[in-house]
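One chain, chain A, links the two complexes that follow: it is found with chain B in the first and with chain C in the second.
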Partner chain A sequence: MALTTPHAYRRPGFWRRLRSGNPTEAQLGLILLIPAALVLALVMFWPIAQVLWQSLHFERLNVPARGRPFIGLEHYQRMLWGSDMTWDVRHLLGWRLLAFAGAAGLWWGAARGLARWRTALVWTVIAVLVAGLWMGYHPGEAGRWNDARFWNAFSITLIITVASVAGSFLVGLPLALLANVESRWRWLVRIALLIPWAMPRVLVGVMFAWLFNYTNGVVNDLLGRVGIAGPLWLSRAEPAVWAANITIVWATSAFVGLILLAGLQSIDESLYEAAMVDGASRWQRFWAITLPLLRPSIAVALIFRTLTAIQTFDIPYAMTQGGPGRTLETLGIYVSNTTNSLNLGYAAALAVALFGMSLAITVLYLRWIYAED
Partner chain B sequence: MRRQRHGIPMRIAVVVGTALLVINGTFPLVWMMLTSLKEENELIRIPITYWPEAITFRNYVQVFDQLPFARFMLNSAVVSVSATVACVLIAALAGYALGRLNMPYRRALLTGIVMTSMFPALVLLVPLYRMFLGMDVPLLSPLVAFLHDLGMTFMPTEVRTPNLLNTYWALIIPYVALSLPIATLILTSFFQLIPRDLESAALVDGCTRVEALFKVIAPVSAPGVVTAAIIIFVNSWNEFLLALTFNTAQNMRTVPVGITMYQGEFAFPWATISAAITVGVLPLVALILLFQQKIIAGLTAGGVKG
Partner chain C sequence: MRRTLALIAALALVASGLAQTPLKVFIGGQQRPDVIGPLLEQFNAANPDVAATFEVGGATSDVQQQYLNTVLTSRSGEIDIFLIDVVRPAQYAASGWAEPLNQFFDSEAAMMAYLDDFLPGPIEANLIDGTLYALPAFTDAQFLYYRADLLEKYDFEPPTTWDELKTMALTIQQQEGDANLQGFNYQGFQGEGTICTFLEALWSAGGNWVDADGNVTLVTPEAQRTMAWYEDTLASGITVQNIAEMSTDLSRQQFQAGNVVFMLNWGYAWAHFQGNSPQDTVVAGKVGVAPLPSFEGFDSATCIGGWQWAINPYSEKKDAAWRLLEYLASPDSQRTLAVEASNIPARESLYADPAVLAAAPHFGDFYDVIVNARSRPVTPFYNDVSQAIRFPMNAFFARQLSADEALQEMQRGVEEALDF
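Now for the complex of A and B:
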């Protein structure tokens, strides 16, 4: 009796298994991922590739005669340091000298093993950004760097990012702590948290433009009642930045609050009881238990908030169209304005800069999160 | 947090804080509603009035008279509902694969999908505009042109994608893509919560994997699907930039874009605008009132896991 089979047993091949109608889990998974992959490829990755390619070309739709010649990195040169930049000593003065000195110190320390490379890198970036915000990125009219408008957009984007992210956490954390208290009114609290999240950002901008109206707005009326003369919120530079930031914080702190609320609810109750037995005060419990255990939630909220803040468009656009002047012209609004003036090549380069900033922040945060694990 | 009994000062602080929270969240919208009930000339009076002196509904009539606002609502509804249905279907398939199946690299795949949510819609604007304007199809267009040149004159001279601008498609397609990452994240975490035994039991009873998906998993995952659907719907209803750029015909505008059309170059008819805002956010407020807990569960799906 031939007990041996004519062929050695083989696992059914990939396609045979697939055709038999009983695919393996991995096969089924791949098949189920196809629609999502197609959509993302068509609407996300293909356009990004096109923008990258476009940014290397000259294209102005209002100058059709020049066509669409390849110009390499010229747009980026114009954006970041200008096509006619000369390394004048004056360019190194001011904050640049300070930032360079500080950064050099850090890197020297890193090389000597006194600090970690990543710490040096992160603090260099922070020093350059903060010093630039303080004293300006662009040499101004006297200087010869080209696109002052880009650096203006960059600064205001940075200001809005730092201020509104910090603000939404300062407001969002108390919101979460309050929403976590058991009460009969919890449903009302939930609604109050969800309304700012669900409102269209443009309409939030329109709404707050009315609240911040100089003569008939409710903000100035309330300020007047306590004896403060409200400023011309939306037609003076500094108040406009405040107004835009307050509006963005209102619209986004609820989201931060919701994420932190979920984190709070996952904290084990017994930890607090143990701490109370040990006689920890309310503050001590907050600092020693609540905040450390909230870190994952804080990280998630921080990532989402920073990314949306860098892309800020709707609210300043709806409130003042980027004005007064170009005070609130964020990077997003600048991209859109450049597109509307039909300079598609340069708009693509600006869009790449915006995308690059988002990418850098995401990578930084992801590394931070994975380092925590 | 269930804590020990609070002292009196703490209780007062909580009550005051909660009151502030509720006022902070609802005041701007309430103020808009109050504004929409005032006459236009009451709005420019100083000092301003808080409660409308004479309640009027003329502003609401104005909203529908000046611009085809009902049409805006219809457009928004069609676009948002279609995008929601398509996105939930696609994201459910992907979420099932990433949440339940033993796949290689599934954490990396999920991270990759979620990372695409950082692509700013602004960056996609110009290439998508070109795409929707009509473009050559890679491979197909050159092939057809080549065959035509060879003498196959029955072939069309060129093949281009249709012009989708000012159609619903121009908004549905990007909205599906923009909401796909977050929807996939939500559904993946919901699928992970369903006990595996449920599916194994069905497999033992002789179901194939696909049958088990439809007969066992689909009914149990309904809450997650509802949650994802609401969030996609809200995202799509609120989107502004793409709608502003792609659909420029008056009767193809969506609600957020339409509302910004009431303001003139210098004149802001605040009464009409506030009435339009009130009507335009009604569907959202209704959703919040009906589904508050589900929305919160969905929003925090990504946050809990870290």
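Now for the complex of A and C:
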């Protein structure tokens, strides 16, 4: 009877509706999300929380007598108060300028996406702090409580990120355009596009280490034939950074190219036809149609590429194990070296730094993408 | 009735299977599973109550260690016995990752008597403050490999000092007129071999990384002499300029291709040079082995290598594991490893063993080098110490650091690593 009484209708509560076997669309959506959310929580958020927690503890497996005491932010203090090393990668001036140019570009893109001045202010303060530390703010002498190695690793990671992402984009885009051209040889270009992508990175690293070998390598042999004395690619700091970046660009442009190719194919052909009717030149068509319509694909490619670049481990490790000196010791390699030394607490803190770097860049990118939508 | 009998028989079979203690041994891909496998089968045949099997993982010291890190951090008893590199026992002792073996002997005297046949170097690494943590499986050392044919051609004896080595190398390089011929090759890459490159010259100058009181002594005249010597190898042209990327196996390949007169390398290279190798060899029968040279007036020294058998403290079958351990470290097992895998025995008696000498006549030449081999820093923080030396050393070879800067960096880094 109650149901038929025409008094004020009350929406049944969440659980009541659920029990009635007739959930709303939103409820159904939530319910269907639960398994995925559980899996994510289990394999992602729980480990991340654990690493965060671990990074606040002293834990060295070769000092079991000290146990696992809580030490707060000590690891982060050690990391951030890093002093300069004479053999720091930051002394490679050319790369320093390049990294700064890249960082400036990234900043410019991000700033456009920042709508509110307060957010912009916070980010600027963070950026200035980071840049200040990076450029060699030395609060203390090298020693137990500060870690020059972290800033070296941070810098080479940033250098590789900026240089290899830009490089793989500049190589990947023409490759994608080439693979999109109607021609008899298109299959060849497409296969060429797939091969580097399908190759295991470690193999690529070992292969290029041979190509760049000073005495037996193909690269120096070719340079020698045109009368150029090749550098000691992997035995000197600056050429090693070049060699690593060239290798990474070779291995990853194919990935960028594939994503851009998919984007190119979704562009409506009639737009080009209309432009041609209007008398637009090739360049005009590229700038006015291809590039703007490719933007979502470019964003996706850049995000993925940047994230993998920040986590770079395999290629530099396979090429020089992080050498010469510490030139190619990226954050990823540093985390691995620290873990192998059984200093799990500090390794966790380094991993958190790496995670923070990825997160910051992702946020910047996302803001940039959504800024003009 | 017959079915019941069959059932009982089947049950008995299962029960006997259960009564067998399964033992799992962990080795690396570089330790010749094809030789270890039959060894374990022999043990199983002689010990019906035990079923030993093995698991292979990783092919370098670092990768094997990474796997064991995971197993032991999670306190897993999945593996009962494992092989560890000679630089690791101190860390295993500190972490409680190797079962102390003293308990399996009746007395300390009995243990020392048992250890008497082993070479002193490997025992020094495994016996920490009177506690025995592992038994040597086989040993290794760095040797001076030389081209016997070239030395003979120019009427040279193997060099005993670094200066002699340099003179001979320069003469041979000039006379041969081959631009690709390297006088002296050693390891300068970012890795373990570079520690030995540094320490061997340091020891042969009368220095050490640490003094008797435990103070780190890396900024000393001896260490400076070491660095000056390596600078000289590059300046004089007896060594290639890309030494900063020279890994252990890359060195071996260059020598094998006939491009090197003198080389520092481990025992494994010998078998490659004689033709037991994936690469072609042009130096078969033309290779000599000698102790490392030293600076005038000092003793020659080399780095000890090799692998040790240890028992997992989280294993629940330690008694059975000990029997297997004793078997694996026995003269018979080491003889098999020497004959079939060219592993250098850690037992003194095998250097006079006819079967061993027939299969590996060069072990006779190796002996003098091996007994004098010295340990790399014995510390629970070996990985940190190793990194603190190899990074600056590699940076020095890459001309990122001057000799003095590299030494100061090592001093600081090693002190920091030990400051706990």
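Assume the second predicted complex is superposed on the first by the 264 of 373 C-alpha atoms of A that agree within 3 Å, B and C clash if a C-alpha of one lies under 4 Å from a C-alpha of the other, contacts with A are read in each partner's own complex, and residues count from 1 in each chain.
One rule holds for everything that comes next: contacts are C-beta pairs under 8 Å (C-beta built on N, C-alpha and C of every residue); 3 or more make two chains touch, one makes a residue touch a chain.
Every value quoted in this text rests on a predicted model; they were computed, and no experiment measured them.
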item	value
Which of chain B and chain C A:P23 touches, first, second, both or neither	first
More chain A residues in contact [chain B versus chain C]	B
Touched partner set for A:L258, first chain B, second chain C, both or neither	first
Touching partner for A:A36 - first (chain B), second (chain C), both, neither	first
First, second, both or neither for A:M44, with chain B first and chain C second	first
Contacts of A:A179 with chain B and chain C, given as first, second, both or neither	first
First, second, both or neither for A:T215, with chain B first and chain C second	both
First (chain B), second (chain C), both or neither touched by A:G323	second
Touched partner set for A:A192, first chain B, second chain C, both or neither	first
Intersection of chain A interface sets (partners chain B, chain C)	213, 215, 339
List of chain A residues in touch with chain B within their complex	21-23, 25-26, 28-30, 32-33, 35-36, 39-40, 42-48, 50-51, 54, 174-175, 178-183, 185, 187-204, 206-208, 210-211, 213, 215-218, 221, 250, 254-255, 258-264, 266-267, 269, 272, 276, 296-297, 299-301, 307, 310-311, 313-314, 318, 332, 335-336, 339, 344, 347-348, 351-352, 354-355, 358-359, 362, 366, 369
Residues of chain B that touch chain A when the two form their complex	1-4, 14, 17-18, 21-22, 24-26, 28-29, 31-32, 35, 43-48, 50, 89-91, 93-94, 96-98, 101-104, 106, 109, 111, 113, 115-116, 118-128, 130-131, 173-174, 176-178, 180, 184, 208-210, 234, 237-238, 240-241, 255-257, 259-260, 268, 270, 273-274, 277, 280-281, 284-285, 287-289, 292-293, 295-296, 299-300, 302-306
Complex interface listing, chain C residues touching chain A	62, 65-66, 69, 73, 91, 94-96, 180, 189-191, 240-245, 380-381, 383-384, 387, 391-392, 394-395, 397-401, 405, 409, 412, 416, 419-420
Residues of chain A defined as touching chain C within the complex	60-64, 85-87, 142-144, 209, 213-215, 232, 234-237, 240, 320-327, 337, 339-343
